[in-house]
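Questions regarding the structure given below will be posed in turn.
Per-chain numbering from 1; labels A, B, C and D assigned in written order.
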Amino acid sequence: MKTTKLYLGPQHPGITGNMMIELDVEGNKILKSKTHVGYLHRGFEKLMERRTYIQSFPIVCRICVPEPDVNENNYARAVEKLSGLEVPERAKWIRTMVLEMARLQSYLLWMGGQSGSMGLYTMPQWTIGDRDYLLDRFEELTGGRVYHLYVWPGGVRKDLPIGFKTRMLDLMDYLESRMKDYTKLMFENAIFKKRAIGTGVIPKDKALEWGVVGPVLRGTGIKHDVRIDEPYEIYDKLEFEVPTYEGGDIYSRALVRKFEFMQSISIIRQIMDKIPEGPIYNRIPNPFKWKIPKGYTYVKLESSRGEFGYFMASDGSEKLRRVNVRGPAYVHGISLLEKILPGSRLGDVSTILNSLGVCPPEMER
Amino acid sequence: MDDLKRPTLDSDFTCDMAFNKITKWAQKNSLWLLAYGTGCGAIELSPTMTSRYDWSRLGIRGSATPRQADLLLITGYLSTKTLKRVIRSYEQMQDPKYVIGFGSCTINGGMYYDSYNTIKQLDLYIPVDVYINGCMPRPEAVLSGLAYLKDKIGDKKADGWIKYKQNFEWYRENQKKILKSFNGDNMPDKYNW
Amino acid sequence: MIDIKGILGPLSALKFLGKAPHTIDYPKETKKTADRYRGIHYNDVEACIGCGSCGTICENDAIDMVNVGFDPNKADTGFRPVVDYGRCCWCALCVDVCPSGSLSLTKDYVYVDDDPKKFLYVPGLQELGKVNIDSTDDLKELAKIEKENRPKLKEGERSWYQKDRTEGLLEFNRVPMKELPGSTRIKSFAEVVLGYTEEEAFMESIRCLGCGLCISACPDRMHIPDYIQAITERDYNSSANIIYENNPLPEMCGKVCTRQCETACVYHNRGDAVAIRWLKRFTTEQFDDFRTIINAEVKPLNGKKVGIIGAGPAGLTVGYYLRLRGYDVTIYEALSKAGGMTMAGIPKYRFPLDSLDKQISYMEEMGVRIHYNTRVGKDIMFDEIMDTYDAVFIGIGFHDPYDLGLKGEKEAKSGVISAVELLRRVNFGEKVDVGKKVAVIGGGNVAIDGARVSKRLGNVDVTILYRRRVQDMPADWEEIEGAEDEGVHIVPQAIPEEIMLDKNGKVTGIKYVMAEMVDDGKGGRPRPKKIEGSEKILPIDTLVGAIGQQADYSFLPDEYLFKTQDDEKSGSKKGIDTFWGRILVHGYNETTMKKVFSGGDMVNRTADAISAIADGLNAVKGIDLFLQGGKETKVNHSVTESDLDKNKLLDKHYKMKHENGKLVSVKLDLSGNIVTESVKIAKDPDELKKDVEKKEVNKSTDKANSKDKTMSYPTKNTNGETKKEEKKSKSKKKSKKKKKKK
Amino acid sequence: MGFSKLTETKVLLKQYFKDIISIEEGGEQRLIIDLQSKDITSMINHLKDFMDFKHLSMISCVDWPEENKFEIVYILTSYSKNIVLMLKTKIDRKNPKLQSIMSLWPQAVTYEIELNEMFGVFFEGNDRMGEEFILEDWDDIPPMRRDFDSLEYANKNFKFRDERKDKKIIREFISEHYDEWRKK
């Protein structure tokens, strides 16, 4: 049969963002794949070298569009680690809550995308509509809908608004009740199961070597989570479980995410229950003149797609020497995709892309 | 920008007024947009198109190919690499076609003003009919931008595509300044609609 | 196997079929954004001080500072932020660093337009999209927008703003300065203020935003942000060098400066200003000797000689900087120590002697020659100085106190002393006996100093009598508080009437009458009005008067004094022109007489040390230009003309002149001759007099007359002198204090 | 208690590699190791095969033009030991060459291409060197180098709106406006 070269993207409804996959197909079967990135490259790392530490804080969240808080948190913790700035206890609790809210909204977005890529168009209408209620809480808390600019070096910018706790707990109840509908519509749907089980398989023995992280890794049965391996913020004071499913296919990844969704709800409830009173940030000395001692650091956290790391080098001046962002999609979207796409069917490409949590802006920064 | 020719929209329509009115009405109430999320703004499009804000009630829906699309949303910054694809997509779209620029980045570079890889002024490369304030614009702002565009189409003022046609050399020249490998093979020097 | 559940499950979605959609009506009803949503900017242009912090913090370069028609003054550059929504990312860092708290974000977010130029706008002055800005020239047009037409912020519209001083990125609290407790310090003349430690100085210096507003308020234009930055970098050496660029007496300034800079500091409105004075003090305290660290280049002598009368701050400044420029400098000082009023008039618990010695000895080391105990007019004649030197600088200061003008003052044989004299005698180590009860009359810094010094002279009970309220006192609030800590009684609204004497002429008490404050009817500050029958008698041993000083011009021979009438008649006579006890200067502090320059208290209105230093520096440049011009016969300003903006020079070339009984200002040409007709009619003397009264010039008419015997001022006999106390600008801190007191 | 895993790893590494320039703890669960560039491949091989550092988190590069060096940083994670290693090595900036580790981890290829594109570091043994990865038609020095000025490049190549040309910085305005008699 004739081999055809097919360019998927950058402009295509099935692509998770502005990226392009070059495919060699034989009929419906993919022989070779190559990812092309760079359509969203803004040179963040260069821009941050030109800005002072506090000036870099508003731009880091743009690195990953669907989950900006992860970047804010990582950046803030990296700066705190380098400079020795202390964070008040309450701020840590709020930060953890923000991270879990980010995880929830990211999973809701993912559910919409994942089922939408299989033609289940009711799901995006529901989940993205429900995600908006989370964004309302975000807006109330942080002042921004998508880019929150809330977690900054030294703590968080503003305290919880009055009555936030009640509204947040109500929302958690609502999301929990909605999960039953999602399950019926998506996770137990025959079409979904048929297409998800056995597709996009990552072998368990290769997963670590290929650099797989996060829910995708846990979907192959390997239990690693930065929240447990290296507890940051206040994760060591919370009770939660980290699920694993054997299989390594789209369906086990979906189940991992579903389980984690429920865990996040439980974490937020715990936080709302136990959050201590106190100050919310330690002010940095002077936004224009603040200098950070020379040093290197690598901080990481568990985003909804896996280990999200920041490597940072400071040279003792007001500005960063170098920052390098390691998004999970960098590995998932390029080298992993090139490994697992060959052999699958053409129609599964966007499904696999969604299940890996590929997010172009963080690949090219 | 001042050296551009101002197009006269009516001259393009030889049909009578009634037909003219009907086409305008039809055009403004069925805007199909090209599913091309070029920047961060794409993240606010999914809420806008789904149940909460629901832009289908304004007659808007996505289309997979540029040939069927009327509307191109430039959702934020454009890297030079994307710009090439955007121009390509824009030129493939059928007349009449409209462009909406989202947020600061399309106006004067936005927060990437000192970046080496993003363009600063979108209207140097393709004509923009409407700009929406924000970084990113909220869904409400997006909807108001779309409503503004609809009004503009109704008033026959959304003439960016004619401007592009009439000042094609000017736009091409600007585009070539940025896109170094912009040769005759993949980008004809003539407008090929 | 067929997955029945999986096939039928999705049908459960049908239960939502009849339910209301999530959709929100648009645009019929605008969805409300959250209370802290970061929307469009709003700037309270009245409260904004144009410091530019918002523009500096903006990582997107979205904020320009542009003059949109507001007049600049000391604490306001007149610039306002212009926000480019082609750049903004709504991070609100600009709001968080706004020291005046004027900038905020609102809940508005929708703005749609097809013209990209309209996304540039001035928050608070215009509405977004209403004005098309093609260039910054268009922005100047905005000044025409009347106050009423500016966009108003609706109730509850402000969303992201600094609610109080605890929010945002700025630290509004000053690092506290340690002081001796009041009970300890009255026992000796030990320095009250203890100074910052290195860490405290660092923490205080890093608060500085580096905007430079303080420079605009400093008479001497010291490079404040630069030397504070050097402290932040712990580079005290260069910090001291920057200070020495335009201040040869930094330690004095670090301890007793009136610090007008701090009132202009961006933090001043909502918090504590950066402790500029203490930081300067910190820098100078790091070195025991300036010789080793100041890298000033001393030029070899160029043969020109300059004589300076008075080794006060102005004279020393002129001496030091002229010596650096290669002039042979000689200073004549009447007292036995240099420093002028800073030596004689500042109590040593504020400014210890060794600090002064450190600075003076450094100057003498540089080659500045000082003749002590040489009073011009007595030990050396002014004529001689004029003949010997190529240029002469007069910086004699105000050392002559006003008399109180009370009944019994002249008759008193002992027990009445002026504060200036008291301070001088104490500072020079003389023994002064003030008895057990002292009353001080006056409300300025000299009065407070007099009171606090008296307190230290033993177990003395000190009372300050002031005719207005405490918050009206011209003295520094810190000084007043310090005095209160030390147990000085302040009796406000007390007008002294008569000095009670015993038969030997010794003071036994003072009779004063209480006053109530009445509105002066012109919107000015309230005036004290005597309450009939409220006379009280305070028994005292010594009365200290501190109601102002004046200069003593007796050393000037008659022919050197400018006489308008003679001048008009003969058309030839020239001399040093004075006006109300102050020498008139223009341009580079040159007097109306050739080759004579002047500066210091008897020239400027603020009459404080830093202004004297500023005068000195100005005169240095003037003398330098004059002498390098090479023609002694006429003041050569041709160099200045090219050097300085001509218009600005001409502005200063006005002088006041009497014409047909009216005061007019006269334009002078570059060599000091009257070149044009009277160009601008000034207020007539009566009105001027009222003005002066409004400013509460405490005059004592009869005494002023007696002083006039030695000086032939053509018009001075009816009008007094502005009080020295007025030099202290009334700080806003005091109004805060006032509230506290209430 | 005995040694913690961090100290144990530290001691083991010190024993095994005599040529390590320095090895220090960078906070909890972090080891920062300075190496000579010739040792880097054998060190990584050893770490992966025998010390269970199976996960490659990142390959990064820091530019030190004042020392005329590039500093390549490999970040490795051991899940079993729960330690993150930062292996650093400095290479000459004029001729930046290093051995590729693409045979150990497939994702290393991507990191190496990116460093090649952004800094100009050449990885020997990587057959995709010189490929266009993120940039397209780039004609200047590699953009992430410190001596590349991003704003200057933007000013040269792109046009900004010209409405706001006379921008004033307040500090400079004040110096100009109020410092008149000290102008030289």
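The rule we apply is simple: contacts are C-beta pairs under 8 Å (C-beta built on N, C-alpha and C of every residue); 3 or more make two chains touch, one makes a residue touch a chain.
This structure is a prediction, so every number in the text was calculated from the model and none was measured.
Chemist: Give the chain pair, either B-D or C-D, that is connected by more C-beta contacts.
Modeler: By the number of C-beta pairs in contact, the winner is C-D.
Chemist: Measure off the straight-line distance from the CA centroid of chain C to the CA centroid of chain D, and report it in whole Å.
Modeler: About 52 Å, centre to centre.
Chemist: Provide the C-alpha centroid distance between chain B and chain D, rounded to the nearest whole angstrom.
Modeler: Roughly 39 Å separates the two chain centres.
Chemist: Round to the nearest whole Å and give the separation of the Cα centres of chain A and chain B.
Modeler: 30
Chemist: Between chain A and chain C, tell me the centre distance in angstrom, where each centre is the average of that chain's C-alpha atoms.
Modeler: A distance of 56 Å separates the two centres.
Chemist: Which residues of chain A are in contact with two or more other chains?
Modeler: Within chain A, the residues that touch at least two other chains are 38, 41, 43, 46-47, 50, 58-59, 129, 132, 147.
Chemist: Which chain C residues reach two or more other chains?
Modeler: Answer for chain C, listing residues that touch two or more other chains: 22, 33, 56, 59, 84, 86, 89-90, 116, 210.
Chemist: Quick check: what residues of chain D touch more than one other chain, meaning two or more?
Modeler: In chain D, the residues touching two or more other chains are 135-136, 143, 148, 150-151, 161.
Chemist: Examine which chains touch each other and state the graph shape they make (line, ring, star, complete, other).
Modeler: Contact pattern: complete, every chain touching every other.
Chemist: Taking the touch rule as given, give the residues of chain A at its contact with chain B in the complex, in rising order.
Modeler: 10-13, 17-18, 38-43, 46-47, 50, 58-59, 62, 65-66, 109, 112, 124-126, 128-129, 131-132, 135, 145-147, 361
Chemist: Spell out the part of chain A that touches chain C in their complex, as residue ranges.
Modeler: For this pair, the touching residues of chain A are 51, 54-59, 120, 122, 129, 132, 136, 139-140, 142-144, 147, 149, 157-158, 161, 181, 183-185, 188-194, 283-290.
Chemist: Please name which positions on chain D make contact with chain A in the complex.
Modeler: 26-30, 32, 54-58, 60-63, 71, 73, 75, 79, 82, 84, 86, 88, 105-107, 109-110, 132-136, 143-144, 146, 148, 150-151
Chemist: Flag every residue of chain C that touches chain A in the complex, lowest number first.
Modeler: 2-3, 5-7, 9-10, 12-13, 22, 33-38, 56-57, 59, 89-93, 96-97, 159-160, 167, 169-171, 203, 206-210, 229, 232
Chemist: Residue numbers of chain D touching chain B in their complex, please.
Modeler: Residues in contact with chain B: 135-137, 139-140, 143, 148, 150-151, 153-154, 157-161.
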